[in-house]
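As written, the chains take the letters A, B and C, and residue 1 is the first residue of each chain.
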Amino acid sequence: MNTTNQTNLQDREAAWAKQRRVVEQSLARRHAAERRFRGLGLSGVIFGLAMVALLFVTILAKGLPAFWQATIPVEIYFDPQIIEVEQRPGLLPGESAAQLREREMAWQTQLTMSNWNRLIENALLEFVPEAADSRAELRRLVTSGERFRLRDMVVADPSLIGKRVRLDLLADANIDVWLKGNIDRDLPDNQQQLSAKLRQWADDLYARDVIRMSFSTALFANTDSRSSLASAGLAGALAGSLYMMLIVILLAVPVGVASAIYLQEFAPRNKFTDLIEVNINNLAAVPSIIFGLLGAAVFINWFKMPLSAPIVGGLVLSLMTLPTVIIATRSALQAIPPSIRQAALGIGASKMQTIFHHVLPLALPGILTGAIIGVAQAIGETAPLLLIGMSAFVAAVPATPFDQSTALPVQIYLWQGNELRNFFEARTSAAIIVLLSVMITLNAFAIWLRKRFEKRW
Amino acid sequence: MNNWLLVCVLLITMGFAYQFGLARSKSVAAGGPGRMHSRPGYYGLLVALWCGVPALAVFMLWSAFEPNIIRASVMEYLPAEVVSADGSQLNVALRRIENIASGFGVSDQPAEYELRAAERMSAVQQTGRLSMYGLMAVLGVAGLVLTLRRITPNLRARNQVESVVKALLVACSAIAVFTTVGIVLSMIGEATKFFSFVSPLDFFFGTVWNPRFSTVGTGDQGQFGLIPLLWGTIMVSIVAMLIAVPVGLMTAIYMAEYAPGWLRSMAKPVIEVLAGIPTIVYGFFALVTVGPFFHGLGQMIGIDIRATSALTAGVVMGIMIIPFVSSLSDDIITQVPKAMRDGSLGLGATKSETIRNVVLPAALPGIVGAFLLAASRAIGETMIVVLAAGNSPVLHANPFEAVSTVTVTIVNQLTGDTDFASPQSLVAFALGLTLFVITLGLNVVALYIVRKYREQYE
Amino acid sequence: MENNLQRSLAAAEGTVGVSAAAKIKMTARDARVFYGEKEALHGVNLDIRENEVLAFIGPSGCGKSTFLRCLNRMNDTIDGCRVTGKIELDGEDIYDRSLDVVLLRARVGMVFQKPNPFPKSIYDNIAYGPKLHGLASTRAELDEVVERSLIRAGLWDEVKDRLDQPGTGLSGGQQQRLCIARAVAVSPEVILMDEPCSALDPIATAKVEQLITELAENFTIVIVTHNMQQAARVSNRTAFFHLGDLVEVDDTTHIFTSPKDKRTEDYITGRFG
């Protein structure tokens, strides 16, 4: 017995040794495969990280310079001999409001006809006296919209006439492009946007620090402009986006939370609620442009709501955000352990009291986080807004959500298509930076909320 | 009276009603023999609801119908040629009458009929408003008084308030359903109108996309063939998936199986940033960075690559959906039970052998679901392709050339200056319907697979 | 209970065929395991002899599974787990850098608490290990390995007609025997079993126990069990763990009839655990 065991053992040991050799032989190959696989995984991660970096570096590199814009600080003399402005018309006895408005508009037209440009030319001549015989050329240093700024200043405060005022005039967009080197300076004359004289002046004034790169408040304070590109700003878009954000917060968040509460806490489990569940999950994955079509067909074409208005945009974005809020709220509610519910029910609270007094407050951080992320997503959305008419040029800050407006992403879309690419590539990137900052702020707030109130059960 | 003011008054009244209810229930409780059924606050709420909600309903109904009622009331005063005029002219006339009625006036001399119509309009408006106020007041007071009188210890105020709240909750969850129904109905409705111009056969199987400008009256409407657009969509999506699937999957595997904790907690959120960036930003990125890069690359190796092409749009879209694929796959890979991994490692498999031979096959259904969701997202993506695909609805198989997609065409057809009722606009809804059906199909299948997969390991 | 134990012991008596002087297969000297800062195992010294069935018993949380997992370095897969001391297989330190963990696990196989067949066919489940290690170069060889392993695991007759069906479709007991066959297919020198029957019903348990007894002819088996009767039925020697200490190790008959340590006695008489 023992001897057979012995031989058995010897046989087995020989077999083991052989097997060990076989396995050992395969090891180098297998470990190489392991390293390759692991390397592949790591390169996937690195590719992802690199793309994030590339995206942000590109946008920042292109966009940050646009926050500084060529401006010319000058002293404007509101020469009473050049601008003759009548008294603003007041309400005459027996006149209707409509008639007064008619006269006011006539007055404004007259005002606009005044030679505001001459004020600008005079101010510029102080720096370039030799340009006295080419005023029209000289004026092109300054973007065309600045004359309306002077007009608006006088409309707001007629006492300015006869006074001298220090002002930062925005240089023409082409001047900005030229000075920033965003155009090939060696291009032949006939391909340059600016005449040789203007280029000379611009360089000269820039060297003398008359033209400076100063922080572009116009970018935030002005609305979009097509005639005076250098003064195009985001004010209208910011207001539009803000309105839509408020509407989404006011509509999607409460409705979403309420419906999540019902579905999670009250709804019976049956075929119908299953259907709602499937429906919500699908709705979350429906392409955003479909919501735009819904808006165009229902809100615009059927309810005859105004085109391009933040109210319609807000409604469409709310419907789009709703599933996100519902799903986030449901998972926040799900995370509250049943023991909390049982405790409250056990001391005689009704189901409604249990949920509103105990469960909901505990789930609030999770709900808010989901809601904020949903809202951030909504304000970055473009496609549905284009379909409800928000591709139109709007040069006013909307006073109410029912007025025509643009939105930040739409403004980005409009600007990227502008013909003066050299200028608007940077301007668009700047707008993107603004949009991303808003979104990052919102997300950071959501993360902070989560970190601050996160509970582990 | 301003509407906002009215609503404020109503809310304040409700506040008072609440207080009355509260006081009343307390006095009943003090005087009565038994215990009150509910806490005092619920009686207050019940009174406030009865006081405010019917009045509010009247207000909302009136606000909804007021413009139509007023319009109808002045129609008889308008001369026949204005009434029969087309919509915009009639609207101008009505706007003038409204201005006269409101006292704002018009700048020229109003016509006789306009003055009379305006008079009538303000009369209707006034009586309407007054009767609304009256009705609201009556309802409010009646609700208040009747409910106050109903307060007894036996009144189940809490249950009644709660059933109102519950009804509200149900109404809110119905909105999501209505949204889907709205999408389906509006899409089908408008698409049906489109198919009255163009036969569905020509739409679904046409290989030429060439809609003419909308000129009403001419028989020539152009050709609305879906195939080139669908093919463009598929081409861009394939390129996108070719980028996103390998990168996303490898990222997920690395994150789930290899990455040390610090790398995981650092890299995962950073990569997920990609998912939060608005698509317009990707479009711009494609247009100014990726497109020129591919164009230059093509010149270097002697291939003609357009800056805006299926390749550019697809690659950027692929980058966009990397985090989508990776975080879904990551979740799914992490759900594969540890026992499964241990079984393989215990046999002497290396980690990568374990992942390839055991973990991935086990996770396959879930991962396929994730891919389908990603594909559905790629198909429905709009802004990247609008900016970077080149918008050339011609049937070809060269990814280096410009293409057009379903989504791009929807945007193009609805943002032009065409008449909404023309086939040139309506086709957008037929396209939208197609898109909706495709993505819905993908989503349903994908969500079903993922759900089944989750259940398997729960 | 008492009766059962007696009977099991009587059965075990017969299997103590290998003499105490048999070759030492694995040794542990002052083996300690840390999870993060916490020491879970406080210096275990133990010899595992060739061809024996060694059972680890002890109340839950006593470190018996932890120690078992040290023997083929499965603890490596747990984050923050650290092993110190010396554990040797045939005189080689298995925690030495030069030793390849793949090779170690090919030599020291493992069967887990819950049956964990791969989501593959029965055939592929068994063929998995041999394929990985290149132990069978032709299809015929592989077929042979699969058949031999299934026969050894006593599963061949039950599954020979449905080798291409998924392993997850088998019953719990069959799944566990499939997992044992899977481990056997690599022809390891030692098989570690971590409570292999805890998820099985009594009939399946009996089958697996019988299988263990049969396998003991060719393999060294270390089995963790929370079931003392099982230890008594299948093992030659038994080690008792308590609160991270190896309290006592001896022939199974001695442990159950005349334990040296008070704690062991308390445990086997059911005072705690």
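The rule is simple: a residue touches a chain if its C-beta (ideal position, glycine included) is under 8 Å from a C-beta of that chain, and two chains touch if they have at least 3 such contacts.
For clarity, every value in this text was computed on a predicted model and none was experimentally measured.
Trainee: With centres defined as the mean of C-alpha atoms, identify the chain lying farthest from subunit B.
Mentor: It is C whose centre lies farthest from that of subunit B.
Trainee: What pair of chains is linked by the largest number of C-beta pairs in contact?
Mentor: A-B
Trainee: Measure off the straight-line distance from the CA centroid of subunit B to the CA centroid of subunit C, and report it in whole Å.
Mentor: Once rounded, the distance between the two centres reads 58 Å.
Trainee: Distance from the CA centroid of subunit A to that of subunit B, rounded to the nearest Å?
Mentor: That pair's centroid distance is 19 Å.
Trainee: Considering subunit B alone, which of its residues make contact with at least two other chains?
Mentor: 348, 350, 353
Trainee: Using the touch rule from the top of the page, what residues of subunit A touch 2 or more other chains?
Mentor: Where subunit A meets two or more other chains at a single residue, that happens at 23, 30-31.
Trainee: If you look at subunit C, which of its residues touch at least two other chains?
Mentor: Answer for subunit C, listing residues that touch two or more other chains: 102-103, 106, 132-133.
Trainee: Spell out the part of subunit C that touches subunit A in their complex, as residue ranges.
Mentor: 17-18, 23, 50-51, 100, 102-103, 106-107, 132-135, 187, 189, 218
Trainee: Going by the contact rule set out above, which residues of subunit B touch subunit A in the complex?
Mentor: It comes out as residues 99, 103-107, 158-159, 162, 165-166, 168-170, 172-177, 179-180, 182-183, 186-187, 189-190, 246-251, 253-255, 257-259, 263, 267, 270-271, 273-274, 276-285, 287-289, 319, 322-323, 326, 348, 350-353, 355-356, 373, 376-377, 379-383, 386-387, 407, 410-411, 414-415, 420, 428-429, 432, 435-436, 439-440, 443-444, 447.
Trainee: So in the complex, which bits of subunit B are touching subunit C?
Mentor: My answer: residues 261, 337-350, 353, 357-358, 361-362.
Trainee: Residues of subunit A touching subunit C in their complex?
Mentor: Subunit A residues touching subunit C: 1, 5, 9, 12, 15-16, 19-20, 22-27, 30-31.
Trainee: Please name which positions on subunit A make contact with subunit B in the complex.
Mentor: 23, 30-31, 33-34, 36-38, 40-45, 47-49, 51-52, 54-55, 58-59, 62, 96-99, 101-102, 254-256, 258-263, 266-267, 276, 278-283, 285-294, 296-298, 301-302, 319, 322-323, 326, 350, 352, 373, 376-377, 380-383, 386-387, 391, 409, 412-413, 416, 425, 428-429, 432, 435-436, 439, 443
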